[in-house]
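In the two assemblies presented below, subunit A is common to both, partnered first by subunit B and then by subunit C.
Moving on, here comes the complex of A and B:
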């Protein structure tokens, strides 16, 4: 058990130090999200009434695109110079490699959220202060779910030349069930529980969070189980 | 054997069509699309189930035939999911006046199509064989695990779709039953044939 924790910690710290030195992935994630928020704000100036819905969409789009950058990069660095072979030959359990990478991706997305959400709130003139805890819960659950799927898919597409485009398609197809409750929850946070159009009425926050937590738990478990087959 | 199954499925389809056109017709006429729409939806789900089972079998046994069968199931699932979405859109336009709207079952069927398309794109992206079969099998498993979540999460949306079908006569149920049986037989034969073609392709390469 302690050996597993040591391996997970070593992989997590290695990736974090790597990123702190280069800051390449994080910078791309932040700039991309600011550009997305900016474009959506410009185009939404004609439909002021739908501002809350658009802000929720901007947050989800930013998280998804940033997770694609993050998950792809976390395995791309291992692909060069035979680093992955080194990791595998170090007799580390495949599942531990997955958990280490997953923790790194979740941490990156959480740090990214701390920058991106205030930017979106400023752009769209939103004040989620009263529902801050609910917002944090939703974003954390989204980060775990997207990273769980993204980390596995990042290793699947490692040997493909056009991996960025394939990874985007695979991640977006798989995280749809997570997007629906996440957007519903974000609308609840930003519009203080007001009826939110296309979503059915009478949903509670615990129902939304429960659905997302179930998605996270099942996907983390399934991806952890099958990860070994993707790295050989 | 395959020819016999194929001919039987066509005969059953014709029988279903004849019954649907004579004694089992549904009013208004646009609702008769149910005889194509419902079998396509059941078949795409069955093919997804096939993809899941063959993917697990490949990872356990490592026999190439399970990889070919998985790939064939995904292709047939994609075809039936396309039929499901197109017939659904035609019905939606005639019945509700719009081609598509974010609604529970419409989202579910659209995501089924996305998942099948994503599997086929992944499969065609590998330049060399290497670990291809393993990686596709892993994606096949997580794509199937995604399906129940799609359905549960889509329940959060308002539903424009009819909750269930209520038939006026037993002829209509018989016609639908025959159509479902014929479509499943057709899908099984297509998977069988496609897996053989995949096997021959591998031999040629």
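Moving on, here comes the complex of A and C:
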């Protein structure tokens, strides 16, 4: 058990140092989200009434596309100089590699959220202060779910030429069920319960969060089990 | 039969039985079997796309064989991976090191992955042994090919493996670095390590291997002592034939 924790920690720290030195992934994620927020802000100035809905969409679109960047690059590092082969031949349990990578991707998305959400709030004049905890819960659950799927798919598509587009399509298809409660949750947070979207009619925040947590549990477990078959 | 002589050895550090592998219905390896004793070195010779790298990747547990078994120190690489894999050190085309990490960080990372009890001491020991002291805090992307290859060797032998699998280790090295690699490998062999190496350079391979096997059409087509002149001539002809020179 302690050996597994050491391996997970080593992979997580290694990826973090790698990102701190290269700064490639995080910079791309932030630039992408700012462009998305800016374009959507221009649209929402025309449709003022839909401001909250558009802000929720901006957050979700930014998180999903950033996760695609993050997951793809975290595996590109491994395939660059045969590093994945090094890991696999070093008796590293495939499940531990998956968890280490997953933790890194979730951490990257959480840091990204800290930059992106205030930008969106400023752009769209939103004040989630009263619901900050709920917002954090929703974003954390989204990050875990998207990263769980993205980490698995990132390893699968590494050998494909047009991996970015394939990864985007696959992630979108798989995380769609979780996006519905996630957007409902965000609408609930930003509109202070006034309008929580058509999919969450009658649902409380805890029910939405519970549903998302269930999706996360399924995604993480299934992807962790499948990961071993996708590498090597 | 080419594999028969190798099979006769009993105390095998590495034993491969009936290894087969195919990609997209094309058979790359067809029933390869051989053994390598502790302290011995075997060079797998073959033309491009003959399956040398695939064979080494299977022996290293990176790739799954369609059929057959691989045993390292008596442990099955699939069934007892946690026992078998730590006995292997792999040197590949790629250096298997992270370009944004320093030399020390790379070795520390793999020391963590191998869960070594003496991480700090072993990392320092490898840095000294591979003459990497002055590059200790340099990121790998800033190093020359030869220095990176020395790091790759250090990474591969960090956990004191019983079997070294080296895929074209001389590629991109200058003559000084090639000699350094041969010295390191021979030192490991003296300490009881077994070596399986793939190379086009029969003369260089001869400095660290005792036997040579020729991989052709997915099977071992010839096997002999590496010092044998007939073998050298055969390999040279084989190499020239693969290039279309004869």
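The rule is short, and it goes like this: the second predicted complex is superposed on the first by the 229 of 232 C-alpha atoms of A that agree within 3 Å, B and C clash if a C-alpha of one lies under 4 Å from a C-alpha of the other, contacts with A are read in each partner's own complex, and residues count from 1 in each chain.
Assume a contact is a pair of C-beta atoms (placed from the backbone, for glycine too) under 8 Å apart; a residue touches a chain by one contact, two chains touch by 3 or more.
Note that the coordinates shown come from a computational prediction; the quantities given were computed from them, not determined experimentally.
In the superposition on chain A, A:77 makes contact with subunit C only, not with subunit B. In the superposition on chain A, A:226 contacts subunit B only, with no contact to subunit C.
Of the two partners subunit B and subunit C, more residues of subunit A are touched by B. With both structures placed on the common chain, the touch criterion links A:210 to neither subunit B nor subunit C.
When the shared chain is aligned, subunit B comes close enough to touch A:176, but subunit C does not. Contact with subunit C, but none with subunit B, is seen for A:10 once the two complexes are overlaid on the shared chain. Contacts of A:130 after superposition on the shared chain: neither subunit B nor subunit C is touched. Residues 232 of subunit A contact both subunit B in one complex and subunit C in the other. Contact residues of subunit C toward subunit A in the complex are 57, 60-64, 81-82, 85-86, 88, 90, 92-101, 105, 109-110, 112-115, 139, 155, 159. Note for the complex: subunit A touches subunit C at residues 3, 6-7, 9-11, 14, 17-18, 21-22, 77, 80-83, 85-93, 232.
Only residues 149, 152-153, 156-157, 159-162, 166, 169-170, 172-174, 176-178, 180-181, 184, 198-200, 203, 208, 211, 214-215, 218-219, 222-223, 226, 229-230, 232 of subunit A touch subunit B when the two sit together in their complex. Only residues 59, 101-103, 107, 111, 114-115, 117-118, 121-122, 125-128, 130-131, 134-135, 137-139, 141-143, 145-146, 149-150, 152-159 of subunit B touch subunit A when the two sit together in their complex.
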